[in-house]
Amino acid sequence: MIFDLAAQAAQMILVLSLAPLLLGFTRKVKARLLRRRGAPALQPYRDLLRLMRKEVVLADDASWLFRCAPYLIFAATWVAAALVPTFATGLTFSWSADLIAITALLGSARFFLALAGMDVGTSFGGIGASRETMFASLAEPAMIMIVFVVALIAGSTQLSEIAFHMLSHTELRVSYGLALIGLVIVAIAENGRIPVDNPATHLELTMVHEAMALEYSGRHLAVIELAAALKLLLYVSLIACIFAPWGLAPHGADLRAMAFGALAYVAKLAVGGFLLALFEVSTAKMRVFRVPDFLGAALMLGLLGTLLLFVSRSL
Amino acid sequence: MGTLAFDVAHLFAGGLVLVSFVLLYQDRMTGLINIFTLHAIVLSLSVAWQAYVQHAPHLYLTAAIAILFKAVVIPLGLRRIMVRLRIHRDIEVVGGVGATMLLGICLVALSLVVMLPATAAAAPLAREDLAFALSVVLLGLLMMVTRRNAISQVVGFMSLENGLILAATGAKGMPLVVEISVAFSVLIAFIVIGIFLFRIRERFDTVDIQELDRVRGGRR
Amino acid sequence: MPLTLALCSIAALLCVGALAVALAQSLAASRVVYALCLGLSLILFAAAVTPRGAAALSTALPLGLPWIGAHFRLDALSAFFMAVVNLGGAAASLYAIGYGAHEKHPSRILPFFPVFLAGMNLVLLADDAFAFLVAWEFMSLSSWALVMAHHQDAENRRAGYVYLLMASFGTLALLMAFGLLAGSAGAYAFADIREAARGSPWTCGLVLALAILGAGSKAGLAPLHIWLPLAHPAAPSQVSALMSGVMTKVAVYGFIRIVFDLLGAPEFWWSMAPLTLGAITAMLGILSATIQSDLKKLLAYSTIENIGVVFVALGLALAFKSNGMALPAALAFTAALFHVFNHALFKSLLFLGAGAVQSATGERDIERLGGLIHAMPRTAFLFLGACVAISALPPLNGFVSEWLVFQAILLSPSLPQWSLKLLVPAVGVALALSAALCAGCFVRAFGVAFLGRARSLAAKTAQETDPWSLAAMSGLLALCLLAGLVPSYLIDTITPAAKLFVGGHVPTQGGIPWLSIAPIAESRSSYNGLLVFLFMAFSAFFAAWIVRVFGSTALRRGPAWDCGYPDQSPATQYTGSSFAQPIRRTLGSVAFVARDHLDMPAPGDTRPARFGVEIHDRVWEGLYAPILRAVDFCAEQLDRTHYLTIQGYLGLVFATLVALLLAIAIWP
Amino acid sequence: MNVPALDSVDALLIVPALAGLVLAFLPGYRLAAGVNCVASGLAFLCACALLPHRPAPGAYLFVDDLNVVFVVLSTFVGFTTSAYSASYIGHEIATGKLNPAHVRFYHAMYQSMMFAMNLALLANNIGLMWVAVEFATLTTVLMVGIHRTPEALEAAWKYFILGSVGIALALFGTILVYMSAEPVLGEGSDAMVWTSLMQHAAAFSPRLLNVAFVFLMLGYGTKVGLAPMHAWLPDAHAEGPTPISAVLSGLLLNVALYAILRFKMLLAANAAAIAPGPLMIALGLASLIFAGFMLYRRDDIKRLFAYSSIEHMGIVTFAFGMGGPLANFAGLLHMTMHSLTKSAIFFAVGHVVQVKGTQKIADIRGLTESHPALGWALVAGVMAIAGLPPFGVFMSEFLVVSSTFARQPLLAIPLALGLLVAFGALLLRLVGLAFGEPSESAGEVEASVVPLYVHLALVLLAGLWLEPHVAAWFRNVAALLG
């Protein structure tokens, strides 16, 4: 019992501590690929500490919501991230929320971020919120469709079950591929990476995620940045857990298996981060009103996968 | 006796239909009244004959009412109205006499087609009577539809009602005929008085119904 | 016993209505009336939730149709809906105790409000066609009177007109359905209808169609929804809350009662109509809501969306039931009823909040609001809670029902019929899409109305609303949270109804550790609102604590940065319409043929630039406008007969006579 | 032979006849109005006296379950209307619309009309019935024209001509019925007596009966106001004094309908004759839908409700045409409810017109604001006539539509559509009349709203709880109608 709780706690700590590193690693790789030296991979940690120490400059019109939002966003994201099996499946509380719930948790994080963006009453916050809403309105259903595909294959919406099923039956289905592509697209859009959004830019009219967080400073910004990092980590580990569940420690495994699982997890993260960087340097950002098509593709892929499964189920 | 009775009744009933046709044709006001008088006389003759044939003395009363009221009183009254309204010389344009006549003939045919098979059970005398009565009724209605002038409408209505009396008397031993004819006389009297009462001339300057239409349907 | 109690309190409600006519228009009078309504609603709620045996209670009164009488029956389903209705009723009454003070013509509201409550309760209890329809139309009529309360406004008069017309259309449809069910012998008691042998498939299909027309038009199912966004906002807010949160549920009840109960065992194709219509309704409703700027209209459209969700779930239940899959059917049915419950709660709360805003600012147009979170923080908080709930975000209740619906959809591949196999995933996409859009819609609603800076003086000088209203709203929010944290109990209360109508039930949730829910099996899917909530709370406080310990707590107020743009006037904020613009462009162009017109003067030209948005209501233009034109045409043509001459009329008679004689002549 | 009951039958005729004579010479409007009320009240009491025990049918008069319904109803409405007309006529005199001579004439005519209607309902002889209906027509014509305005005269004239033609057709039908009966029952009055006709109907010549029914349907249908013979009805309602409009809609139409019902029973009793149902259904539906559309363009409030009378007569005729216990019951109930409701509406409308000083719908607005008592009563009346619960009309419409749909879906659909169309128009006008900014009033009137509220209360009661005896009574009449 204690052991299980400890494992659960370990998972929470693990994701929290690895998230900035993944971010930094990705940036580093990107810089390398662009023939730049780039900041060290640990830079995000420094930034977070620095931000935390800075004083907060709060806009005059900011309300209590503006000040609570960062913590809510962070909490929702962290819980969601902690529910994705990283090194082991079937942890104590893994059943307390399934994949749909995780999607919804991310949804609430986005909900509050958008509200925070509108709270100060600036034009850019509005732009960010409105665009984020539009993206989400397509990304979320796409995600749900992907969840359907996965759940229909695994016969469960529980990530642990899904991972276990993937490990046990190694079968190749078209739907997998469709779901994988869809999930990647969703992940890119949700994390505001190129080509949907550029995390590095502050060129006003192109930014989405940054626009909402524009008025944040100091510790609030730190928390929000950390939440963003967690979100990236979450998606990478989600893809890993569903499509590359190798090395995950099964339910009630011993410490060694878990350690092995953790190592495998870190490796997966590294691969994921590298691929992301590679993809980002190899594409350009698209216009805002082309993003719906991009996400619509994901939605269609998910629907196609679902349909295939619905049909094939009776064959 | 039987054939004679039948022939005479046939003669009168047919005559009534014929006179109805003439009414339909006639477009002079005064002429209209005269022919209506004839109509009434023929009716009363046929009623009297029925009374004689059916040995129904009360029908003589009906005949008397017919001759008195319809052949004397009403025509006089109408004449006076016309003189009052200075329309006794008027000639009412009857749209498409030919067409009207044709329609009238179709109506007679229709009434025969409807009545003769329907009354297969009744005595031939009654059948004839009824068929002709129906045609007189329909012709009267047709006249009301085609005429625009209040007086000719009244005349049309009265010829229609003559047809009814014919039918009533034709129906063997029908009670209440007298009462009905009285009731009808009252009705017609009301209509005629109505024309006085409504003083159509003072109000509308003519008996042309179209003038009444100015205010029809509450249109101001 | 509970049934008698319920009937008595309904009678009492009617008496209160009569009393209200007598009472003067004083403020005290309105307080008294609403307090009485509150008490009676609570009694009715108690009557609904008092544990009964498995058997339904029923009674008959010598009212209504003479040789049948008025039958009343309280079974699991009506009890559940009665609980929902009276929760809403109690909240609205409590709210109105305070809110009623703002009313200018209380005499036009007080008599009808209790009657409206009584009518809704009667529909749920009625057990024969006549009583049902009387109660049904009674409900419509009283709510119509309430819609007409502010009759000086021509817009409201139009709303009332459309509303009552659609309502009686629905009633006629239901009437025909019952006529078909009862047969020519006229066995109108539901008991007899249940006994009666099922008609041919055509009959059943006809009844189903009529039930959808009748109940759907009241519930706001597309394309019969047009009256709803007109009527709900027109009424006073406590009534809007009732109409939107509760009355639509009564309509859903009617649908369930007819299709699941009276109509007997379903065919699989029955489910097509509710599934398709439900999906369309959900999409259409939420899209229309997203582009609305009138707060109450927006809420009304979102009601339409939720009704769509409910009907989708019911359709799934039908599909499963017809294939004899009891457990999935029960799951879908449970999801539907759960959503009914949730929507009753948060939609009432939202309308009450909108009412508070309206009474505080006199505005319903979010474009002229803003910054209310400063002026009325409590209302803002409660409204926000409702927004989170309706956006189906954990850990509140909206998410649970959404989740259950998705679980039901995930079970549908095992349906044997191909048509359903193809239909259900599409419906699933529509649901997911509408759920996502819903979140966006309410971000917009709350963000524009409550956040940012005040766009009008009224919004700047608004005052927090009265404690009664706040109490009502807080109660509703508490219930939302409760239903979100411990859904297992609610599911268990729905179970008997499910058992009754779909012949199966989801496993009892009460026993599962940690109060989590697992509708089919632990291994398949489970959700635990309580834990999620605890985790979130923990992590939020943990983060805050860390920051407090390691970070600085210094804070400085300053003007917003906004990339350095000088930004004095509130007009520079993002408006509702600009917020909706991306959606308008992407989806709105299909749904509403929406066009943005921007007229930008050339440089040097001093005339102001103009921006206009053109929206087309396809349903109205495609369906209703032609009907209206047709009626108008017929009226115009026939009206000529009113101005014929006497000969003309005689001609008519003559023609009829001749025609009939001809008919007789050629009769064999 | 039951003596007291027979007396009450005769009294039903004697009371109004005497009262008519007296009123013809009675000066002073208050006294006359009082006598009018008393006489009508007495007639109503006599009618109620018929309920417990019926006299054996006489040669000229008879009473059975069917016509008792009509007698009681018409005497009751006649009574309440006389009470209403007291205050109404008072205001007409005050405003100088009527002079004392007219009023004397009016009261005399009122009673003689009641006499004629009672006679028509009680007559055991088709000829006598015909005479009575004709007499009723004459009296009503005279009352319609009483205002002497061009519109009134035109309306009266139109009513007169069309009514007379209708009467004539009815007479022809009557003669034909006699003809068909005469071979069986022999010559003489026996062949015109209802009771004997009904007994031997099976033996009559069916083809003659068919033709006869066509004429009777058109003839009496003219007085029922069925389209396309309806033309006299709107103007007569609109131009006559409002109490007369109430009586026309509440009584006269029913009397004519009663005649049609009798002959329908006659045909129904003869197996070989064509079923009268289809013709009645056709005319009923035509009237319903036609009137429904006509309601939209009306600008005169009394014409509006006159057309709604046509609509409801259509529904009733349709119901009786459908036949069968349910539909017949519904038809009877609907006719009763319509009489009560429509006369109530005309009571309200009369006062509304007096307070607003106009009949133009466009000039009457916001009644619930300016005259709550009248306004809400009008709202309730229109809701009732539109067939919304909890009023009695809903019960009958419920039965008609549902039973029809169960038997003949294809007939029920036009029926329902017609109802919806009519409701749309009525509601549209009602919203305009009762709500919105009130229009200016011409002046106050001391309106006696008692009859109005009594009628509405009765209709409401019937909708919620139909007294068991009444229900049983209606049901066996419905069975009687077959």
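Read from first to last, the chains carry the letters A, B, C and D; within each, the first residue is number 1.
By our rule, a contact is a pair of C-beta atoms (placed from the backbone, for glycine too) under 8 Å apart; a residue touches a chain by one contact, two chains touch by 3 or more.
No experiment lies behind these values; they were computed from the predicted model shown.
A.B. asks: When contacts are scored as defined above, which chain pair ends up with more C-beta pairs, B-C or C-D?
C.D. replies: C-D
A.B. asks: Centre of all protein Cα atoms: which chain's centre is nearest to it?
C.D. replies: The most central chain here turns out to be C.
A.B. asks: Farthest chain from chain C, going by mean C-alpha coordinates, please.
C.D. replies: B
A.B. asks: How many angstrom between the C-alpha centroids of chain D and chain A?
C.D. replies: Going by mean C-alpha positions, chain A sits 78 Å from chain D.
A.B. asks: Taking the mean of the C-alpha atoms as each chain's centre, how many Å separate chain B from chain C?
C.D. replies: That gives a centre separation of 69 Å.
A.B. asks: Compute the distance, rounded to whole Å, between the mean C-alpha positions of chain C and chain D.
C.D. replies: 44
A.B. asks: Compute the distance, rounded to whole Å, between the mean C-alpha positions of chain A and chain B.
C.D. replies: A distance of 100 Å separates the two centres.
A.B. asks: Enumerate the residues of chain D that touch no fewer than two other chains.
C.D. replies: Residues 157-158, 161, 165, 169, 210-211, 234.
A.B. asks: Would you give the residues of chain B that are in contact with at least 2 other chains, written as numbers and ranges?
C.D. replies: 114, 118, 141, 144, 153, 212-213, 216-217
A.B. asks: In chain A, which residues are in touch with two or more of the other chains?
C.D. replies: Within chain A, no residue contacts more than one other chain.
A.B. asks: Show me, using the given definition of touch, all chain pairs that touch one another.
C.D. replies: A-C, B-C, B-D, C-D
A.B. asks: Could you list, by residue number, the parts of chain A that touch chain C in their complex?
C.D. replies: Touch list, chain A to chain C: 49, 52-61, 63-65, 71-72, 74-76, 78-79, 82, 93, 95-98, 100-101, 104-105, 107-108, 110-111, 114-115, 118-127, 129-131, 133-134, 136-141, 144-145, 148, 151-152, 155-158, 161, 202, 204, 214-215, 218-219, 222-223, 288-289, 292, 299, 303, 306-307, 309-311, 313-314.
A.B. asks: In the complex of these two chains, what residues of chain C are touching chain D?
C.D. replies: 62-67, 129-130, 133-134, 137-138, 141, 148, 151-152, 154, 157, 160-161, 164-165, 168-169, 172, 175-176, 178-180, 182-184, 186, 188, 206, 631-632, 634-636, 638-639, 641-642, 644, 646, 649-650, 652-653, 656-657, 660-661, 664, 667
A.B. asks: Which residues of chain B touch chain C in the complex?
C.D. replies: 107, 110-111, 113-114, 118, 138, 141-142, 144-148, 153, 209-210, 212-213, 216-217, 219
A.B. asks: Enumerate the contact residues on chain D facing chain B in the complex.
C.D. replies: Where chain D meets chain B, its residues are 125, 127-128, 130-131, 134-135, 138, 141, 145, 150-151, 153-154, 156-158, 160-161, 164-165, 167-169, 171-172, 175-176, 178-179, 182-183, 187-189, 191-192, 205, 207-208, 210-211, 234-235, 238-239, 300, 303.
A.B. asks: Give every residue of chain C touching chain B within the complex, in rising order.
C.D. replies: 642-647, 650-651, 653-654, 657-658, 661-662, 664-665
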